[in-house]
């Protein structure tokens, strides 16, 4: 390796989703040279898929008057089932309105308040006041006391990402797309950047920086059936954990979204229910009010998902060749509303189900959707265990979401965390000077080159990467889903351990030359299996139910023993994660009742 | 290259050329339809035809109109053909692309280029032949058509009408917000109508014996 | 559904191995219920040929990654259901863009380049004040901007446009639409003359000869005909105005 091979900048941001780009913008505005890496062009990042909206306590609409960061804070903490870091939640709730307004100036066409009276589907009359005309409009999302979710018709994530990227383009920030970080360069104390693979040529190259930021999004694809994009394989989390010194926080906290369509597993937004849609069973009975008389369909996601699956287990699911599902009914919202504010939903139903949801019911069931867990950072975004390494967005466990994320809090998190962490990174990079230990970089490069050469030479093993991968997906789906038990989790851990061993012996069927897809699958597999093991093992150890983590054998929250966060380390060469725990930071709101989802579902009820 | 391009670029000039294309296109469209109706007066009778022609002469319409049309044709040809696929490679790309795409509007542009070239040749000879036997009279016209110009005119009618109608369509989609799917039908009917009228005129010219000098 | 055996004819070329010339390769696959090209191509890759390159990200017709020529026409592979297709399906990469390998093309660099060239961001002198509430905008304006902003940069309109295929520097419908989006945005303070310089040219809106393949094939059904005409009229107005002022 020569120095001339290296790409050097002040700040290296891995991931060009909303979180990564917001960090990059902050750093670039502070005068740093910034490089962003991404698997795909930034505007194809999975952030664009978010349809529903972004929470910020503006209090602009009738049902949101009087809203403020305090109420947002309370909703968030309750939503997280007291698993979140309250200091972080506080920063977040205060900053979210600023983020929304700044984005407005950057060009996001937020839907706006149109004053006047109207009647909601449930019969309530509301009036939006003249004085609020033209301010940013807000809609209802699950688990919130006020209407707080700012949106741009049906494509909030899309317009946010486009506006964000337009600023990146304007500032001239370097973006290397089709470039994947495959390992971090570090000496056990400090991170110096990453070894990357060029997805156009298949070559590897070191990217060095004073500060490295992981903003690589979620890992949904390890579940196979997920609402996530196919690039969401959790590689960012995996390479961070692979350092041996960086822990992943709360990996057992996996969110299932109530309304993934069957069978394509594409998400239809929470806005459907927020705007007044119902969930129906096979008798077309609206069952949610039976379980949750107050919040009904718009209780938090963990709760709704659980009741849905519970209802299916009671035999009320609609049978289909793809297993039982339930119905989402939005017909009563009317064609006009469906074709503007929920147009994306309409299109998805047309494209992937061949139905017109103005007239037909939508088949849905809970589907893996979001990872609350991730690379553990402190409130400023510094990653535990390694200096010069930061993380933000879904890839991070900043810990805003605890054990359940509220709808609309994630887009807001990516941006607010982007601001906060970006500021910290900018400050850090200012104090830091550019020095890199040559031999360290050389070794890191050599290790990766060896890995690729081994796979390409097709010397070792007989295992097929795709087959192993499908087994992993099935294991997680069947054993580490919404309802969890000790036996199922134990079985998952055992199976995954076996798969992890087999994954070391993958043999490619193709040449593996260039950016070969099979090579990439083989390359990602061990990391994905490590994440899968952290999830399963973490879930097995956590003998309580909290938020999205629901143990049928321990159906209650146990604040005495489990008001703590899991930290999963992976020591070099170890077969299993090393779990440690840290207390949850409670500053304002002591643990109490969420006000919904209380009643535990007893086994066999 | 970047420097030269930067220096040579002139939005104002390029916009004006486009406007010129629009103006001459509309003008020629108007002229052609008028012209077709005027010539078709032969259907009503030799007198009608000759009267029309004489009246145009009388009010000097011909003397202003004809040079103006010729000028418009030249300008239009020059301006519009700047977009044509001149290079062999461009042409091949266009043809291959259109084949793959199987898209009517895209093919239609190819047809427009092709008809333009046909018109260029035929209209030039046509205008020349009319001008050398000035004035316009039913008898000379009939003689011409019966004396070998018939097939030329068949081709010219079809080419000119298709070119003009597609041209009008293109102007409308490029500049306005008409619902083009609906509008396409009207244009197809109009083309068929005008071509039919042209053929009828042509047949009248061909089968009627028109003695010279009758008025 | 009758069990059909589908034949896929797929363009293959890997720039890493230039000694193997571009070719069409055939594969066969049993059709399954609700099969999309996303499912089919992935199965082909996993079962028959693990070196097959293609791009999918969202697999829900939102991200614009998977545009390719499907039986000759540009479209999003993820939302193309095989049940709507004949027994023989030809798949080729999108033209105009640089080929990465097989069905994968480099749209990202192309779009970024044009975003820079057209300065596709809000131009304003206003400094953001974190304390202040947002500036107001009426909802219809926001909707109109959103309608143009729905473009997912898939490149179908570029691949479908014969002009873009013939002339490398034509900016294509996607960017003319993008320009229209900024023109109607009250937050963008750019004077019309500045747009004029960028799009009032043969590389801009006057390069478009109204082929309308873009309008017919845009998977987001963006009203490109209207958007292009809007820009064209604005540019013509500019030219006429300047004629008077000089």
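Note that the chains are named A, B and C in the order they appear, and that numbering of residues resets to 1 at the start of each chain.
Criterion: a residue touches a chain if its C-beta (ideal position, glycine included) is under 8 Å from a C-beta of that chain, and two chains touch if they have at least 3 such contacts.
Bear in mind the structure is a predicted one, so any value in this text is a computation, not a measurement.
Centrality by C-alpha centroid: the chain sitting nearest the overall protein C-alpha mean is C.
When the interfaces A-C and B-C are ranked by C-beta pairs in contact, the top one is A-C.
Distance between chain centres (mean CA atoms), chain A to chain B: 62 Å.
Distance between chain centres (mean CA atoms), chain A to chain C: 27 Å.
Distance between chain centres (mean CA atoms), chain B to chain C: 36 Å. The touching residues of chain C, counted against chain B in their complex, run 69, 72-73, 95, 160, 162, 165-167, 196-197, 200-202, 204, 206, 208-213, 216-217, 225-226, 228-229, 232-233, 235-236, 238-240, 242-243.
Considering their complex, residues 14-17, 33-34, 36, 45-46, 49-53, 55-65, 79, 81, 100-101, 106-109, 111-112, 115-116, 119-122, 124, 126, 128, 130, 132-139, 142-143, 145-146, 149-150, 152-153, 185, 187-188 of chain C touch chain A.
Of all residues in chain A, those touching chain C in their complex are 40-46, 48-49, 58, 98, 100-102, 104-107, 109-114, 133-137, 152-153, 155, 158-159, 162, 165-167, 169-170, 175, 177-178, 200-202, 229-231, 263-264, 266-267, 321, 340, 344, 347-348, 351-352, 354, 466, 508-511, 513-518, 521.
On chain B, the positions that touch chain C within their shared complex are 9-12, 14-19, 83, 85, 90, 93-94, 97-103, 105-106, 109, 170, 173-177, 180.
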